[in-house]
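For clarity, chains are labelled A, B, C, D and E in written order, and residue numbers in each chain start from 1.
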Amino acid sequence: MATRVGAPAQEPVETESEVRLEGVTRRFGDVVALRDVSVSVARDEVVAVVGPSGSGKSTLLELVCGLQAPDAGRVAASRAVLMPQRDLLLPWLDALDNAALPLRLAGGRRPAARERAHALLGELGLGGFEHARTWELSGGMRQRVAVARTLLAGAPVLALDEPFGALDAITRADAQDWLAGVLAREPRTVLLVTHDVEEAALLADRVVVLSPRPGRVVCDLPVGLPRGDRARSPSDPAVVAVRARAMEALRGAMGPAA
Amino acid sequence: MATRVGAPAQEPVETESEVRLEGVTRRFGDVVALRDVSVSVARDEVVAVVGPSGSGKSTLLELVCGLQAPDAGRVAASRAVLMPQRDLLLPWLDALDNAALPLRLAGGRRPAARERAHALLGELGLGGFEHARTWELSGGMRQRVAVARTLLAGAPVLALDEPFGALDAITRADAQDWLAGVLAREPRTVLLVTHDVEEAALLADRVVVLSPRPGRVVCDLPVGLPRGDRARSPSDPAVVAVRARAMEALRGAMGPAA
Amino acid sequence: MLSALLVLLLLGGWEAYARLGSVDAFILPAPTQVAQALWDDRGLLWDNLLVTGQEVVLGLALALAAGIVLAVALHLSGRLRRAVYPLLVGTQAIPIVTIAPLLAAWFGYGLLPKLVVVALVCFFPIVVTTLDGLASVDPEQHKLMRTLGASRVQAFRWVEAPAALPAALSGAKIAVAVGGIAAVFAEYTGSERGLGHLLLQSIPQLETPRAWATVVVLAALAVFCFALLALAERRLAPWAHRRKDPVT
Amino acid sequence: MLSALLVLLLLGGWEAYARLGSVDAFILPAPTQVAQALWDDRGLLWDNLLVTGQEVVLGLALALAAGIVLAVALHLSGRLRRAVYPLLVGTQAIPIVTIAPLLAAWFGYGLLPKLVVVALVCFFPIVVTTLDGLASVDPEQHKLMRTLGASRVQAFRWVEAPAALPAALSGAKIAVAVGGIAAVFAEYTGSERGLGHLLLQSIPQLETPRAWATVVVLAALAVFCFALLALAERRLAPWAHRRKDPVT
Amino acid sequence: AKKDTLTTRGTPQRIDLVLDYLPNADHAAIYAAQATGAFRAAGLDVRIRVPSDPAAPLKLVAAGRADLAISYEPELLLARDKGLRVASIGALVQKPLTSIISLGGKVRTAADLEGKTVGTAGIPYQSAYLKTIARAHGFDPASIKEVNVGFNLVPAMLSKKVDATLGAFWNVEGVQLRRQNKHPTIIHTEQAGVPTYEELVIVAGQDELRTRGDVMRRFVQAVARGAKAVRKDPQVGVDALVKADKSLDPALTLASIKATLPAFFPADAAFPWGYQNADEWKAYGQWMLDNGLVKRLPTPTSLTNEFLPGRGI
């Protein structure tokens, strides 16, 4: 578990949480993206982060993944892999090679890596587009390739930045079901940024709501269903309740401006 | 009204519709993106297009904007400006100059163009980020700059490809209200691609549902509220009804796979 | 079509200019005279082309290898870059005549000093464009590689190298085009054969048409190498050359 | 730091190599001898530097203007490109000695033929890199310009030109580095002043330290011009030079 | 056996010989010696090297990177003045080849140079020649406008940028211009007031004279045999040259060799091939000193006739 420390150094974190942010502040020049944010995620817990545009959600994920350092506070996390908000497929690789990239980086041989990626792309509804060049894919297809790539990295922590943002309702529901299935089979620690409160309530064990910039934690809502129970439906009362409370928290945080 | 004709040429289209696709087919190699699609949009009408990922929605918009030519059928449209699915902000311009770009292209002077863009960015909640470089903006911020740029092009037809796709629920609701207000004040012909069926029902006069690839028109649902009445709420019975029917149509079209 | 027309027009104008005696034939021969020399001296030109061609190909190979290795090294270490880059730029300002005796002293009079000169002239454009290509990689792609746990070498292999490839090929095209003339300079530093030698010999002999015929052969060599590389470029970096305009 | 160390090491090695008599001083003078010559001949070097510097700056300006105009023209018309590009590549294979008499006949022995030679040598890297830069613009950005109703000129002004700028500057950096040597060649074909002339005089007079001092001045000129352009690059194209690594 | 025939058995001695410039008619004797086997017969394996520029051969010999070089008497004196330990062991060409050439009849005699524009290759002693010639003909040296035209001596005349040039060789450019019916006026410098000198000399390292005298002797004598073979049949020289360098035009080379033949041998047949006139060297050295081209009067050790056929031992 790597520790990244901002200005005020603090004592070591407990080890049961796989991701832990304590009093983290992150500035870009005059812009304060995050202020005094503390979040921790236990092993195999799925935590959704929702918040207004520009509230520092992507910044938070990059902090967790060690791609940025906090200006104050501390961040401690096991190896986390980021699915960036912009898919960042590499144009010199086809869909399959893009998805298989982390396997190759881990030293895998190309045929074996492509085989595993092939299966995953199929599950994500991309069968037939394995050999498409990146610019021949639609927006939603690109995003799904990026999701496959992230999963194949095999890191203990997944930091997903709007993984299904470009998907239509049906494809999205499928993808959510698929992700829930994957996490039920092989649990992982997940930080999920989403602009869809329902998605948050459906997939997460806890929903963290951020305030508008500078992002602070407004509330941290447990969904209250047993950990590991991932087969939920949007109509589950717990899901509906959390969804409503999160929406309310968001509205409240946005204040009179909304 | 420019006419782009595919293989079988046809007689001139009537002029009351500002966008008209007739029996349009579009292929990319072996992939058939659109098959025999006919859609027409009357002046100042707002038509939403929903459909599964990869069903040819972006392709349809590019056809309307003259960025692609149909392989069969014909496309006729007044000058249409596209807001692409990927924002395509130019990294050598700041947020303001990106938004003001169409004004400059129309021959406007920089100060005047930036002034208009400034006002619009403010309305879209980007006050304070006018001088930010593109890579300093969050995903949702970039998208809003792109929306501003598209509006400022002042074309009679707007082709918006997921304009609010990266926005959280609240910011998105604000943006939808704002767009409805803009369209109420200065009506335009709009083709709106969205993955959010509610957004479609909220903003559009008609919702066109596409089938999975090859995209065909599954159904064409009028919202049934008076044209020009843009101050709707998600709980309006008409909105709720259209939303439900569109979802159903989508599910039906996706078939057993869903 | 236009290409052929333009060339014809150019040749025609040149012929007329030369024939009208505006300038002495010893200074500028007419294209027909040059063509005649090309034909008459075809054996001589061919033999010397083989010599120079060999120098160009081997020298370029050396330049490419050295240029790319250097560019990568300078890219990987900012300190090395600050230390070595100015020196590299400086090497480009060394006229061969100054170091020719040194080259002869070190490498003798055979093929080696020619290769060194060709490589010295050609490696620089490759270093500059490759280095600039490597430096202009999208920072977001670097982040991606870091989050996927890529090592420095892997980030280079999967992102930097392909991203810099088109720029590096730009440099290689410049190198390949000036490779012929570099070999000519190299032969000026002493040789009995080669197109450069032929050129130098034709000056005191006032064999101007032959000199121009030699230049034509050199130009053909340059265009040939350039075209070959441009072709390679489309195969090596298809993503940088996708169709721009789906609508005609 | 490392830079200074490296340079010191290099000079030290060179000094030792030269002093230990591995090679005679009139083939390779020791750095101290060169430094001595630099000091002794400072007036001479400075005066000639001014001459050559003028040739370089004006010639480069000419090359930049011609190169960019040409690249843009070739980019805008595919037919023109197919017709003219091979000819341009061919020009790079023309040794100056061959056309020097022609240049002298046309332009005499003043400043003009030197500018032409410098421009001829320098414009090519600019054309190649600018053209490649223009051609590698993201096709999606082209679509954006079309949908915003931009004219061909506007698409160039707002997308192609800025997108190609970093590549074009790569070419300009190459040009600027070889500009000095181009001026030297130009002076070799007939001149009364300039660093090339000085070299031409010092070599047969066996003034080897002075010849090397001249080379040092030439190298300094190249490095200076190069550094200036690298600086300009960061100001002109900040988007291509943003910080890569927010985490140290 | 004749006195100058020295045949050695065993492995031939390797000799790196650097020419002054690209192979041309001036080198006929050397190439003839190579082609007729005179070098081999003298137990020498001579490798002929073509230099980077005319200043390089002296440096390479002085530095021990080459055994022998062909250079020019003025260059040799200059080099010695700079401290290079080199000396001439024989004259390949007995007379100056550098000449004043004019086209179009504007300059018919040296006196006509007054007020004319003259192109030179920019080599310092060429200016001194012009000044000396002017003084010898009683006009102001400043009235000559000297233009440095680099390599382009002939083109500068053809394009009428200059009235005459100083620097081209009468036996190469001069002969070729004549063959091309350009009717050149050729003025030999030694006939226009400049002290005569030996244009091409064979140069060795001064310290090698003692240690490798035997090799030098064999070399010079082999070249002498080449020169004689060329005198007997110029075509021998042509064939040898063209075989070694295909870019040489046989007809021009023949004409050029024929024109140069008188300069290949001492005017006085009593002297052996390669003979160097120490008095002429002294006079030329004095002239160089007078014109500020050297700092000290050249010493007699600049040259030695010790290795010529029939000399020394």
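By our rule, a contact is a pair of C-beta atoms (placed from the backbone, for glycine too) under 8 Å apart; a residue touches a chain by one contact, two chains touch by 3 or more.
Being a predicted model, the structure only gives us computed values, none of them experimental.
Sorting all chain pairs by how many C-beta pairs they have in contact places C-D at the top. When each chain is reduced to the average of its Cα atoms, E sits farthest from chain B.
Rounded to whole angstrom, the centroid-to-centroid distance between chain A and chain D, based on C-alpha atoms, equals 50 Å. Distance from the chain A centre to the chain E centre is 85 Å, each centre being the mean of its Cα atoms.
Put simply, the C-alpha centre of chain D and that of chain E have 39 angstrom between them. Along chain B, residues 66-67, 86, 135 each make contact with two or more other chains.
Listed for chain D are residues 23, 27, 97, 101, 105, 139-140, 203, 242, each touching two or more other chains.
In chain E, the residues that reach two or more other chains under the touch definition are 53, 59-60, 63, 65, 151, 155, 158-159. Of all the residues in chain C, the ones that touch chain A in their complex are 140-141, 143-144, 146-150, 154, 158-159, 162-163, 237-239, 242.
On chain E, the positions that touch chain C within their shared complex are 22-24, 48-53, 56, 59-60, 63, 65, 151, 154-155, 158-159, 169, 172-173, 176-177, 180, 244-249, 252.
On the chain B side of its complex with chain D, the touching residues are 62, 65-67, 79-82, 84, 86, 88, 90-92, 101-102, 104-106, 133-135, 149, 153, 155, 159.
The touching residues of chain D, counted against chain C in their complex, run 1-3, 5-7, 10, 23, 27-28, 79-80, 82-84, 86-87, 89-95, 97-98, 101-102, 105, 124-125, 128-129, 132-133, 135-137, 139, 142, 166-167, 169-171, 173-174, 177-178, 180-181, 184-185, 196, 199, 203, 211-212, 214-215, 218-223, 226-227, 240-245.
Listing the residues of chain E that touch chain D in their complex gives 53-55, 58-60, 62-65, 75, 78-79, 82, 84, 122-124, 147-152, 155-156, 158-159, 161.
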